[in-house]
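Shared between the two complexes below is chain A, which pairs with chain B and chain C, respectively.
What follows is the complex of A and B.
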């Protein structure tokens, strides 16, 4: 009985998540769908055609988006793994304050942050460059990374690392063969989150990239704002598809890498 | 326990190095003084360069025309690469403001601009100019004494923006459902009473909704008094009071009894496409033919204007103060003022935007270019529009009227 309820609940929740996506898929090929009719009256490929036709700017901007998001993901992981480790394992005065303080980018309005940083970036000469866009994307994703890795390191602790060191492993060996495989599930979930947040940034890219860095949302959002449902839905379909594919690719590469590894890395990850 | 070697240190070092490197390479380049150059020199200077054109990117037809026809023409004729950067004007102005404070070299060579935004940009010194006198086609094809060239929402353009196109407000009905559409405010009220809940308009500050309200005001109290009215809320409030009474009377017959309004014209367009309301409006008089062609509006949709006329305005192109390629921008803007480009832009198969050239200055053949364009299904011919065209109110009045309407109607 309880099992059945759970199953229904689960299916209901999945439907809630998937049905809106199905609507987007339908709208991406719907020319007109007036009110009381149950099915779209006319279908067409104006939207998807405009995106996928050769020479259209959409595909090139998609590659730019993916390149930026991958860079942001790796740099942010590089910053937040040690950051989260320090907060998760070490005790020091003011730790509680820092734990809250790193969430600041989520609490302050992004528009205010970005407009302020814009001035600084102009002085540094990195507005209108991909580097500037990568750096500005790092700002809103840091809190997520720190949060996830703090929790993970609180759970995992540093006993395994110490054990490795007792057995004679150096710092680098310890990191790559013990720490990294241990926190791999966290890396995958934090990495996916960071990737998606970077991938969907609009205003920061617009202001810092100044239109020179053309990411996919820069082309997509004007259509969403102008209410051209077919174009908006078509862009969304490509956007979601690309994000899912890129995420799957990242996850599988990481998993593959650590499954093929020997010793504790391989054992730990596959859970044997 | 020892700290492990953090990859972050490496990343950090790399980042800082890149920052320093970029900071050093971003030096100012001395721009030639374009006013002292001959047109041929400017064209030669622009050859082979890239021009970045920033503007609203929400319309696929406009995007396609600029990226297609216009870009190809510039490449063939001048070897100029046109990069179209879709971006909302507010965001462009934000960017220019920031660059102005930081004294930075820009990326935008041209911006699509008008009205309040031009006012903001001009008063904040964000525009280069005056430049229109440099353009040969401006002298050849444009009537420089035309009010719509000299003023933009009542604010003098002073040569800081070149005309790009003209828009005129129209209302759109489905002929099948509405064979005799209302052509003044009283008929509109009667029509709304007849079809309760099937008429509405976007609430200001939506651009199109705001124009609709001004158009109703014009229809009720006339338009001439506003042209030199100062931006005093009390004076404006008194002048438009009869129109506010009209809106209050209309309110209960509107969609959801006027308790709420669509927030954007986009929403209203979709409601019309879905058959939820009977009327939609546009500040692009040829929008309807484009929408019919893309299948979004019913094929029997027709544009309608009021007997007393509807508001028209112009849209313009400006050059940002820090444009890195002003010569290229000048050549491109000059080309946009040519009969071939204006005629192509006027063709609703491309965009359907009204031309800005002075008919009297065109040759027989050039005029034929425009006459051969069919305004398209549901659109009104150019002369009907131009003969029933009313000027916009001065820019400072727009937010005042919007606010008065909101105070009266939104509670």
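What follows is the complex of A and C.
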């Protein structure tokens, strides 16, 4: 194959995957578009306006979704960084089993897990609460966090931390000035992934949230089901927009923080 | 090494938080599902252990057609997504240019939630979708009814397309990194030894990246085999995908139906786990085979 042919193929296939998203964009600003017309008859911001006007239930649910996803992201990072560190640096009995066990949520259908734990959550009184939803969202993202941080710690080891300790740094200093900046690229990619997955959850939120925890996807589904394309598209656009903004925020806030950081942290990170 | 003897408890302490959440939600949830599928459900007065629910589930026609439906869709969509993904990765690597803009837009389908993917497929392929409209314009069909039913159809084409749309860019993102490192290491040498484009793909890129292709295939398979949203939104009423069928049993007001839901869930989980085991088995032998060769 010629290089030029390959380029045409590459661009053509990518376009086939990406261009359909334009349909959603068009439908989100369409008021009337009867079949079989090829172009919208009337454009307007009615759909987007209904979602974004202050006090709208959709806007409130967007905030609920973001709040839950942020909590899930912080908790999951908090538990998978030490977990990944143990699996990446240390040798200990049971490591092989634990390495497979922490990846199991990728393989077992969440439908089975959510239905199984539902009764227990009811007895504990955490169904219909954001706490219950956060807990159930953490399970499917653990494998991603563990995998990313295990790989990173395998790569960087703990020599830098040891050097810091030799030079007199305490554990807190070592963590904030050495470990954290070293694994920052992993925190950014794991954090984005976790945020997006939690943000997109539907089934676990439906069953555990029981309709009381109204996240954005929960409000969106009835419009998709009833075939209300203007509203479904408007929800989709706001959803994708919020997700992209959140990802940019995660990346830039963390990077900025560590670039401006003084001492070894800033130097190490910008040197990467 | 010194450090490990000094504090051998350290890794367990580090792992304690993540393992306790997994035990509390995942293992307990799975355990309760298994017990209920075996008919142990003291909450509604079922105490004994029995395989009766599995037997009845396996005898039911809806379950079998649902199982076949889910399996077929998961296999096909993951396989096609893997093929598109590796082709894209290969085509981009062979450009020897980064195209950062292209890489960024190809991340979009990965970020977009499955619910939106379902809606996207609906706007494209439904009988009043944009493709049907184009068909009308070109005179290929005369009314929306003549456009083939691809959504809510018993073959599950709509579901298939939605999973492929989400899956192919995911495979691309993983495979691109892998193929790029292979390219750096090997392609120059292979070219100098006279390898053609086809040789490069079939004798270098494909065999060396096969473990990554398979592991992304398995992740996609397990996901589409066990998830609810897309078949719920785009699927027909018959056959119903297994997770949808299980949920219908689960929300039945008659709680004695729950063990059937759990039995279906266990069949779902069992097949996914079998596949992971198969994957490990194949690659143990595959590596061995490659070393020999």
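Following the convention adopted for this analysis, the second predicted complex is superposed on the first by the 233 of 272 C-alpha atoms of A that agree within 3 Å, B and C clash if a C-alpha of one lies under 4 Å from a C-alpha of the other, contacts with A are read in each partner's own complex, and residues count from 1 in each chain.
The criterion applied here is as follows: a residue touches a chain if its C-beta (ideal position, glycine included) is under 8 Å from a C-beta of that chain, and two chains touch if they have at least 3 such contacts.
Because the structure is predicted, anything quoted here is derived from the model rather than measured.
Considered on the superposed chain A, chain B and chain C are sterically incompatible, since they clash. Within the superposed three-chain model, A:21 lies in touch with chain C and out of touch with chain B [touch as defined at top].
Comparing chain B with chain C, more residues of chain A are touched by C. Touch criterion met: A:233 reaches chain C, while chain B stays clear of it. Of the two partner chains placed by the overlay, only chain C lies in contact with A:9; chain B stays clear of it.
In the superposed pair of complexes, A:82 makes contact with chain B and with chain C alike.
In the superposition on chain A, A:139 contacts chain C only, with no contact to chain B. Once chain A of one complex is fitted onto chain A of the other, the partner contacts of A:115 extend to both chain B and chain C.
Of the two partner chains placed by superposition, only chain C is touched by A:38; chain B is not. By the touch criterion defined above, A:161 lies against chain B but remains apart from chain C after alignment on the C-alpha atoms of chain A.
In the superposed model, A:129 makes contact with chain B only, not with chain C. The interface of chain A with chain B overlaps its interface with chain C at residues 35, 78-79, 82, 115, 119, 135, 158, 203, 225, 227, 229. The touching residues of chain A, counted against chain C in their complex, run 1, 3, 6-7, 9-11, 13-14, 17-18, 20-21, 23-24, 27, 35-38, 78-80, 82-83, 85-87, 90-92, 95, 98, 101-102, 104-117, 119-120, 135-136, 138-139, 142, 146, 158, 196, 199-200, 202-203, 217, 220-221, 224-225, 227, 229, 232-233, 236, 239-240, 243-244, 247. Of all residues in chain A, only 31-35, 42, 44, 46, 50, 57, 75, 78-79, 81-82, 115, 118-119, 122-129, 131, 135, 158, 161-162, 165, 171-172, 174-175, 179, 203, 206-207, 210-212, 214, 218-219, 222-223, 225-231 touch chain B in the complex they form.
Interface residues of chain C, counted against chain A in their complex, comprise 3-4, 8, 10-15, 17-19, 21-22, 25-26, 28-33, 36, 43, 84, 87-88, 91-92, 94-95, 102, 105-106, 108-109, 111-116, 118-120, 122-124, 126, 128, 130, 132-134, 136-137, 144, 165, 168-169, 197, 218-219, 222-223, 225-229, 233, 243, 246-247, 250, 258, 261-262, 265-266, 268-269, 272-273, 275-276. By the touch criterion stated above, chain B contacts chain A in their complex at residues 1-8, 10-11, 15, 18-19, 22-26, 52, 54, 56-60, 64, 67, 85-88, 91, 94-95, 98-99, 101-104, 106-108, 264-267, 269-270, 273-276, 294-296, 298.
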